[in-house]
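Right after this note come the structures.
The two complexes that follow have chain A in common; it is paired with chain B in the first and with chain C in the second.
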Partner chain A sequence: MSKFQFPESIASRPVYGTLEPRPGKAHLMIADAEGAEAILDLAAQDAGLMAKTHIIYIPKGTDFAEALRALEPAQFYEGPSYAASVQRIRKVLGDAHMGLQVYLAGTEGLMGQAMNEAVSAGIPASAIQTEHRGSIARRMQCVHCKGITEDVTTDPFVCSHCGLNLFVRDHYSRRLAAFQGVCIDAEDPGNVPAPVELYK
Partner chain B sequence: MTIQFNNETFRDDYSFRNSDWAIKRFPFPFHEDSYMYSVNMEQHRGGPEGSVYEKRFDVDEHYLSEMRDRALVLADDPLRCQSLPHMTLAGWDTLELIMVSKSEDYPDLFELHRDGNRWRWVNKPMGIDQTFTFLDETTLPCGPLEYITRQTQGDFAVLDQRDEMLWMDAGMVTTQADWSLDFDIGMNFFEWHAPVPLAHEMGIFKRALKFLLNVQQGAPARRLNWTMTVNPLLDTSPENYHKWGIQKTTLTPENIGAKQHLRVELQTFFRLPRSNALLFPIRCYLIAFQDIVTVPKWGRRLHRVVRDLPEELATYKGFIANRPMMLDYLGQYDDGLPTSPGVWPDLGTEPPLQK
Partner chain C sequence: MSAAPQKAKAGAEKIAVTVSAVVPLNDLVTRFEFTRTDGADFPPFSAGAHTVVEMRDGDRTRLNPYSLMSDPADRSIYAISVRRDDQGRGGSLFMHTNVKVGDQMTLTYPVNLFPLDLRAKKHVFFAGGIGITPFKAMIAQLEQSNGNWELHYACRTPALGTYADELAEKYANKVHIYYDDQSQAIPLEDLLDGQPLGTHIYVCGPAGMIDWVHATATAHGWPSENVHSEEFLAPQPGKPFEVRLCQSDITIQVGEHESLLEAMERCGVDAPFLCRGGACGQCETDVVEADGEFVHRDHWLDDEDHASGKKIMPCVSRFIGKTLVLDR
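Showing the complex of A and B:
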């Protein structure tokens, strides 16, 4: 099962729901990895949905792409990475008409970044749904060097840009689509606890 | 009065000092012998003569040195001043409010001459004489918010108001108690306060938001907040925490009186006329423990507050590790006598230390 129940947290931390089909002329679904399963569940609830749907999917090493293609969406794109897909996402959002329904599924990093694009394009928050599936890895910003480290699964972790040892906060910026990482050994240099898997 | 501006630093050799004048007017934040969160708002319409509450934007002996420190921080990290695109008008509102207030409140230091939109601003302490066109960004060397807050003590958050909510959409933040404008910009009131312990459960932020949404033009409000800082370091930013955090470990029983500072924020709230944004200046005042205890009432009271503060708050405010040493020091200045109500020093009526 690709679902994870996040523990209750602070007010800046996003919460995710369960995708449900909504009425509308056009539907954009953006997902990565196990997020595909949320789209498959969605398609099973509404036989007419896929004919009006554009799917943008980043497999991240999983093999759901064929199953998604078999849904016969109006448009299907399989991208090698989010970064490679983002220009296309912007074009699609920019060309969208009133009433577009947006569905985001998969990792927090994917949903956060795609949410940002959708909101920047003027899609109302009420037309965007999210569902977390798969990895609980986090997209982290180092508050010191500002570099983003993707797919962080342990606390603490090493900033992939400046090399500082950072602890993982729940404080989250929707603008950056990232959680905040803060130096863990500033007051006792070198005293870095062994990394523990997130939520363990 | 004429202010004698200090030439001092808030980094490296930390030559910052408070004069006797600055000590006596320090905004001591505890009105009783204990502390818990509250929505401690009051009107910001002046205060006792000479107090930090008297003027809309207090100017004190640290003005020029604080502005030099701000320039150093900005040179190192320009992201400390940011404004989302829709906030430019609020920046002009801010510039107007500060220029009008300062020129009226300190006519010997600041002048504002207005001829329609053609304005001339004179800042004598900083040696600035700028003619510009109000609402025309091309006539200033930088955006209006940055321009005026490079000349005004305190941090500034500019809060947009929409959907019955406040949004942190612009700011100048170089003297902060460990929060990042760059990270928090764009957040709503509950999101940027998310890391604060206990207060959410107490309903503090809901009540505070309700109050702030209703602040009206010409009726500003104020409150105090406080924390602790080792060394008179203005820039206690998360950005630089990996550099300054270590300083917390340099306290000793011998140096704590000089090194440990109470850090008080005078927070004020002004409704801005054109943008309907809320200007939220956060003015930082620092005072060394050894200077606080020269006021007997404050010495007694600070000891009791620090001693009885809940552990979560001492942890959040970042001094849990140093609390025992702080109590050893402050205990010497607490003789157990009762203290008078209110924040004022009451030097003429409170008894001297009885030990």
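Showing the complex of A and C:
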């Protein structure tokens, strides 16, 4: 199974649900890696759903793409990365009308960034469904140099931009779709605890 | 605690006004315009706000909420349009028959329970009958900022189409009127189809119309956050009942034709309120003890609260039974 139960945390930390079919004129599903499993589960609940669905999928090295294609969605796009897919996401949202349902599934980084696109297109955040699947890696912002480090799995970690040792916080920015990383050895440089895997 | 000063009395702050114009618009609707008695400007209001009008009807004080329908940019007047309800509790009838130019009256500061969502990419208004009033102010406000809006307005007949001609003439491309007597109806499903992402809809009119718009929008996949409505309920008469108010340490009788809130006020209890129509939540009161049945009529509490028997909205809800003790 690709599901993970996140421990309870501060109010800033996003919480994710389970995708369910909702009435709508059109459906946009954006997923990466194991997020495909959430879409497969969703499609199994409503046979009519896929005829009105556009799937944007980023495999990240997994092999779910064929299974998604077999659902016969109205449109299917497979992108090499989120950055490569974001143009299409913006175009689809820009052309969309009220009655569109948005479903996001997969990693926190993908869901957070796609959520931002959907909200700035005019959909309220509370009307967008999310389901976490797969990697628990986080998209982190270094609060010192503002650089983003993707797919962080240990705490502390080294900023991929400025090289500081950063402590992984649950403090989350919806605007940046990233958690905040704060220098862990500012007062005693070099005194860095050994990195441990997140949630261990 | 907020820094706001504690108010001495319940309800919004009050403004002494003079009736400056009484303009009959058709058989049922009359516009009343007010200026401030002290000659100053009115406080600014945002479109969709209402004011509670205090009417001195003999030894009875009537307090009715009405949407402000004047241009929010014009601070020299406040205006309301009142539909006469011959079967109602008498507030609108009092306005129509007793209020004359030059009369001194009292209004409350505006309270907005039906604001525009200014993040919207487009605003679509659905009005039924006298439900046109808040949209008059909203249209004036949006025109100032070149806002994207359209109005769909259902009236019974051309003769009773309050402001219909005026609006249709001024905004010919944005205003659509539907007359019941010509079997015209708002094509709601078509109108919900194809609206740009980020459109918000607003409905004001009879309860059936409000429910219809909410239900149809939900079925078409509209988020509830994008669907706004306002309906003020008038308190309905019911069997008299007795209530014990334990904070005030008195037992009061609620008459057939008065609300629980009005009965409290008559007995000198300073109970909080803003809208007096079951919408704002200000008068929510905890139930200490109850042996009987609640008649909940508000739009504020959810079904769970209604079923719990722990809360009541005294502005519109009643009680049938032996004992009711409230924490007031």
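In this section, the second predicted complex is superposed on the first by the 199 of 200 C-alpha atoms of A that agree within 3 Å, B and C clash if a C-alpha of one lies under 4 Å from a C-alpha of the other, contacts with A are read in each partner's own complex, and residues count from 1 in each chain.
Note that a contact is a pair of C-beta atoms (placed from the backbone, for glycine too) under 8 Å apart; a residue touches a chain by one contact, two chains touch by 3 or more.
Owing to the predicted nature of the structure, the values given are computational and were not obtained by experimental measurement.
**Q** For A:H97, select first, second, both or neither according to whether it touches chain B, chain C, the two together, or no partner.
**A** second
**Q** Counting only touches as set out at the top, which of chain B and chain C does A:T149 meet: first, second, both, neither?
**A** Touch partners of A:T149: none, neither chain B nor chain C.
**Q** By the touch definition at the top of the document, which applies to A:R169: first (chain B), second (chain C), both, or neither?
**A** The answer is first: A:R169 touches chain B but not chain C.
**Q** Where does A:T53 make contact in the superposed view: on chain B (first), on chain C (second), on both, or on neither?
**A** Neither partner.
**Q** Look at A:S135 in the shared chain and tell me whether it touches chain B only, chain C only, both, or neither; answer first, second, both or neither.
**A** Neither chain B nor chain C is touched by A:S135.
**Q** Please indicate which partner A:P124 is in contact with in the superposed arrangement: first for chain B, second for chain C, both, or neither.
**A** A:P124 sits against chain C, while chain B stays out of touch.
**Q** Specify the partner with more touching residues on chain A, choosing between chain B and chain C.
**A** So, of the two partners, B touches more residues of chain A.
**Q** For A:Q113, select first, second, both or neither according to whether it touches chain B, chain C, the two together, or no partner.
**A** A:Q113 contacts neither chain B nor chain C.
**Q** Of the residues on chain A, which ones does chain B touch that chain C also touches?
**A** none
**Q** Can you check the complex and tell me which residues of chain C touch chain A?
**A** Those in contact with chain A are residues 119-121, 192-199, 218-226.
**Q** For the complex, which residues does chain A have touching chain B?
**A** These residues of chain A touch chain B: 10-13, 141, 143-144, 146, 164, 169-176, 180, 182-183, 186-189.
**Q** Which residues of chain B touch chain A in the complex?
**A** For chain B paired with chain A, touching residues are 79, 180, 182-187, 190-195, 200, 238-246, 248-249, 321.
**Q** Can you name the residues of chain A that touch chain C in the complex?
**A** Residues 22-25, 93, 96-101, 121-124, 126-127 of chain A touch chain C in their complex.
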